[in-house]
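Each structure below is given as structure tokens.
The following pair of complexes shares a single chain, subunit A, combined with subunit B in the former and subunit C in the latter.
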Partner chain A sequence: MNEIEKTEDCCGHGGEGCSDMEKKARDDKGLGMGVIFFIVAFAVCFLSGWLVFPKLLYSSKEQPFNFDHALHVSEMDGCDSCHYLREDGTYNGIPTLESCMECHDVEPLGETEDEAIFCEKYVATETEVPWLVYSRQPDCVFFSHAAHLNGKNPMDCVSCHGHIGESEKCKPYEENRITGYSRDIWGKNIWGIKKNPWDRMKMDDCAECHLEETGHQGACFQCHK
Partner chain B sequence: MKVDRRSFLGLGLGAAAGVALSPVGAKLTDDSSIWTQTWFLTPVPEDGEITFEPSVCSLCPGKCGINVRKITNRPVKVDGLEGYPVNDGGICLHGISAIQYLYDPSRVKTPMKRNGDTFESISWETAISEIKQKLGDIRKSGSASKLACVSGDDKGSVAQLFQRFLSAFGSNNFYTMPNLESALALTAQTMHGEDATIAYDLENAGMILSFGAGLIEGWGSPVSCFKANASKKDRGSKLYQIEARLSNTAANADKWIPVKPGTEADLALGICAVILKEKMFNAEYAQYFGGNFNKFAAMVQNKYSVANVSQTTGVPEAEIAKLANLFVKFNKSKSVAICGRGKANDAVSLKEFAAVHALNCLVGNINQKGGAWILPQNEYLQFPDVVTDDAADKGLSAKQISTSATGFFSKIKATSKPDIEALFVVNANPCHNLHDAKYITDVVKQVPFVVSFSSFMDETAKQADLILPSHTCLEMMQDLPSGSGVTRQVVGLSKPVVDPVFDTKNPGDAIIELAKSFEGSIAESFPWDDLEGCLSEVASDIWDTLSEDGHVVVSDKAPGSLPSVDFSFLAENPATAALAGDNNEYPLILIPIDNMRVAPGAQASSAFAVKTVADTVIKGKDGFIEINPATAKNMGIKDGSEVKVTTPSGSVVVRATYFHGIMPGYIGMVQGLGHDMNNMYVADKGVNVNELITPVFETGSGLDAAFGSVAKISKA
Partner chain C sequence: MKQNNKQAHKFGMVIDLDKCTGCGSCMVACMSENNVPVKEDESDKKDSITWMRVYKLNNNKPFPETEICYLPRPCQHCSGKGDHGHSPCVSVCPATATDYDYSTGIVSQIYTRCFGCRYCMGACPYHARYFNWWDPKWPDGMESYLSPNVSPRMRGVVEKCSFCFHRYQLAKEQVYYDGEERIEDEAAYQTACTQACPAGAIVFGDLNNPDHQVTQIVKPNPHPEHDNHDVVGKSRNPKVFRLLERLGTNTKIYYMSERKWVRKLGDNYLDGEWEKADNHHGSSHG
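Our next item is the complex of A and B:
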């Protein structure tokens, strides 16, 4: 006869022959196990959610080769030498190979391994560099750089993109396995908590800034056409 | 240690609480919502480099400059081209839809040959060789004149190459579909004896007296007219709209003067009579009045007295006198009178055009700022003489069958032995767009050999024996001269902004290829390799600028000299063509309505344009007639109910919609609908009003002047 059957024999038929104390002791013991299971399960799931889940959710990819933003910013005098608004108000985004080749050629400009990769693999073969774009928004989002860079109070690049212009190394590109978009949109913090405005690029972040600057968080159709 | 039910409960609750307090739930919810947008069925345009390519739109006679936005060579948007002399950045809804024509489901994707009731694909080589064989047989039998061609217009090198092919082959039977430009040229010829066209300086005119011209319904060069209309308030200009129905233009005008349709010429002559009687005509310009001016003056004062005209037109006598005074004395600047109902690409009457032009002559606005300009035809194309042989000379000695496309089809008739052996149709859809469309279709069916150069399997292409599919507007290189009443004479160059989507050709290249497949004089008349080679030679004076800048302004000023005026045609008081049919049997009059959102030309409306049409024009697949509630209530017809409309040409079932803006006794139906094409977005919507109208031919000009049809309606 196992433990459970014994319990039923003793208390299952109206508790004949069992004292109140014994009953209470057994109840407490059952509750105790439940609490232990609760705590263990809670701890495992809570910690997994915080520590393991992010690692499972994002894959890490390296850029085709390292790009030294700091060097280029100093050489080219600012972000807008390569990332600029066209005359018609559209934004060029990541420069094309043709833009890069305005300075670079098949012969490397520098001696770094990255420069060699760029020249051999892309310039020589006239292949566009498949850059992984940290700030690419989902296709359902329309964002106008012109609206944010022109006008009375133009924003600076750092407000949204952070200090990427000062970086010498490209950080790994973390891709969300479910959505296919960059981790930088949601933010490094898995709970979405940010310290700086550029830590996240979600809709709430846009709305927060719009509310602050314009007094209204904006309407749906402004970004979702 | 016992594992009991509580343990499991604890486990479950602990796991749930752990997950709930971790970011998993919120993050997965957010991610899954984004994930649903990445499903493979969600259309996502490719990212890429954005470029713009300027070109010229050929969808309508407006010939506006366009700027095509492309992403990695894929056209995604069409804008108006800033600075283009015709439209200066403006564009209409058909122009912005030009991209939809590229992927239209009814496009003909390869050359096609009829096989019984169906078509089979063939190669371009086979198609050209078959046409050469058939046409060669016709020439050998001494019947070169039995080749005819119906074209959308006769301007530009593509149309003129087709006309040249017919001449080299030995036929005079080249016809254009009814259009404003032809009517203006005929008017200039009749009133001034010049090979010229008439343009209207609407953007500087003080008072525009419009005899039904739909300035915001697509008349002339639509965007140019929109702009002139939009600026009239700032300029202190006035628009007086004389029209049977409260069109958008009439509603937008400073004054709407309802008139019985078909009596516009009478009203114009009545106003002329007042001006002459009161001696208000321009004495300075009167010295240029030759040819029977006195006879004309006497005739109009005799036949078109205010009382008579009021009786005919339904316009009050006082209104006619007031209009005459206002037209002459409008103090801001010159007044100008224009005509051509709606888009003016339907029926036109030379009497009406000449009568309205007589008003311009009397007020002396000819070649003046804000007036009517008599511009020499834009002869930038200098083709060498056509080389002909005996067969061609014999064919060219035969008389042209008619002076108009409708007249041509009416004369060749659906007999077992037609007067025509072969027919080319280019940039036109006569089986849908000409009056009595079903009859025209029967005639085309009887022609032994029909070659269509249409981009789409339209009503006429369906009757063809061979289809040589053309590029659409965005795929094609061609020269496009402005016209249709625009004062700036511009030649634009349409450029291929995208590689051909299907196995199609430029019809200019196709006709050169066909001509070169012949030996002898026909090939000699076409010494060029392709259309571009041809243009660089025959338009050599302007070619460098045209190919570099995309357009050439030939002239943008009024001619310095004043032309003489010949009133002989009007002095004879030509008869007004009356509608065919018995008024007792058919007590109502059906008039076609031009709607800016519906394209009535060679190309049907785009899917986008159809979606913008009001539900009193199309609802689902149902078409409508407009009817005045007074007329409808007399007949017991309710708003929205189905009615059967019958005319001498046929009958259709449509729905009735009440409209106080149409005169009692008249019904109106939008034209350009009721297409029979493989395009679910456009076809089978409404009915084709042209199937209900019987052509009537104006004596003298031979033009189809049917402004509508007698009709009757009954509950369906």
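Our next item is the complex of A and C:
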């Protein structure tokens, strides 16, 4: 009865009102679908943005061969036996083949597979190892190891580089396909959460520590070139 | 750090225009030191980039009184009105891509921060800033000659003389290695143009260090001038002047010449103003 009444009522007001009502009812149904579609699409986009995009953005490369830091630290005497300040105050960074050959020769010292590769491919042919540098900053950045090691508040290697000296395996080098920078600069955490000081090394991270330690972020040219 | 203090350096330069022969060695040295790209047509001054540029001045007199003077013009590293660090370019940059370093007195330019609005170029009274209309292109094989201490610039950003700041950074590393506090030795930090000048016309050093030659030549007045409080650091040497000094930009490039007409060209004087300025300078220093 109700329906008839409704229809009559509608018709009483004229044909136009009736079709409006029907339209409205249909629209409501569409709105519900729209909300569901929005939520699903949002979830898909959100997840692909946060889970798939980083995979697409970063390429993963392996080092030429594995380097066992832990083994070398135990054989040698701390980080600075290979990574040291030169006499002019500049930093040698990753040692050249020449410094490796102060100990290594064409004949391997140990029995690891990696050393065999090193001796055969690089020492024998006197080719520099094309290491991929995790901590390489963009080329507009000037970083002075001397200032941080010999300055007023000397720092440990660990404060910025983490416990790399205790690692036995080199992790894959992840390179940003757009900028060409190492992922260690931006940091692994896609949310931008930093648990340790060495988790990422962006300008803000440098500035944060500078503000704390020196009371000022410093002028641009302090770290830019 | 926010203001000049006694510990701070104030690097500056005095260029003896009577010694300058206009050979252009400073320009060449600057370009190769700072990875400045060479253009196909270097004579196209709308496109070419010259951090250090030698201008040719003449006294506008007919032969035989004609005289010529060459004026090398790097970035003037203005300290701004009253020596407070408000350089014309720094004040206008909307991106903070250029700032005034209170510890060295050097005006920086951060290429990765610059987005190329060129407001600073309009603000600079000395035309010391250049815009990269194109990506740099080096002749084949020349890329391996680039200095790793200076980052190359891309198209769409402004660049300028940095007083070879990377050399300061390297000098600072040496100081840290030696366990010293600050750079005292004049020779530890010198710009490429200074070292390249065969006539020894350029003297570079710390204007806050009385032992440095530049300070001894310039003898800067640490107090503001009586008639214009914006001007600080005016030279007490009557032969020394700065470009457009009365603007109060307080540049750190001083020029030196025995010749009056050269000194007069250092600013835009109205009728009668030059005589007054000249007499004033002459009388106050005997």
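In this text, the second predicted complex is superposed on the first by the 201 of 225 C-alpha atoms of A that agree within 3 Å, B and C clash if a C-alpha of one lies under 4 Å from a C-alpha of the other, contacts with A are read in each partner's own complex, and residues count from 1 in each chain.
Everything below uses one rule, namely that a contact is a pair of C-beta atoms (placed from the backbone, for glycine too) under 8 Å apart; a residue touches a chain by one contact, two chains touch by 3 or more.
Remember, it's a predicted structure, so these values are computed and weren't measured experimentally.
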* In the superposition on subunit A, see if there is space for subunit B and subunit C together, and answer fit or clash. => clash
* For A:E107, select first, second, both or neither according to whether it touches subunit B, subunit C, the two together, or no partner. => neither
* Asked: More subunit A residues touched by subunit B or by subunit C?
  -> B
* **First (subunit B), second (subunit C), both or neither touched by A:A147** => second
* Contacts of A:Y181 with subunit B and subunit C, given as first, second, both or neither -> first
* Counting only touches as set out at the top, which of subunit B and subunit C does A:H216 meet: first, second, both, neither? -> second
* Touching A:D77 in the superposition: subunit B (first), subunit C (second), both, neither? -> neither
* **Partner chain(s) touched by A:H224 [first = subunit B, second = subunit C, both, neither]** => second
* Given the touch rule stated above, what does A:G49 touch, subunit B (first), subunit C (second), both, or neither? -> first
* Return first, second, both or neither, reflecting whether A:G89 touches subunit B, subunit C, both chains, or no partner chain. => second
* Listed stretches 59-67, 113-121 or 167-175 of subunit C, narrowed to the one that overlaps subunit B -> 59-67
* So which bits of subunit A does subunit B touch that subunit C touches too? -> 88, 90, 138-140
* In the complex of these two chains, what residues of subunit A are touching subunit B? -> 3-4, 29-31, 33-50, 53, 57, 86, 88, 90, 96, 138-140, 176, 178-181, 186, 190-192
* Within their complex, state which residues of subunit B touch subunit A. => 1-19, 21-24, 26-28, 30-32, 34-35, 37-38, 42, 44, 49-50, 52
* Structure fact -> The residues of subunit A that touch subunit C in their complex are 85, 87-90, 138-140, 142, 144, 146-147, 149-151, 214-216, 218-222, 224-225
* Enumerate the contact residues on subunit C facing subunit A in the complex. => 1-2, 96, 98-104, 106, 108, 110-113, 148-152, 162, 165-166, 169-170, 172-179
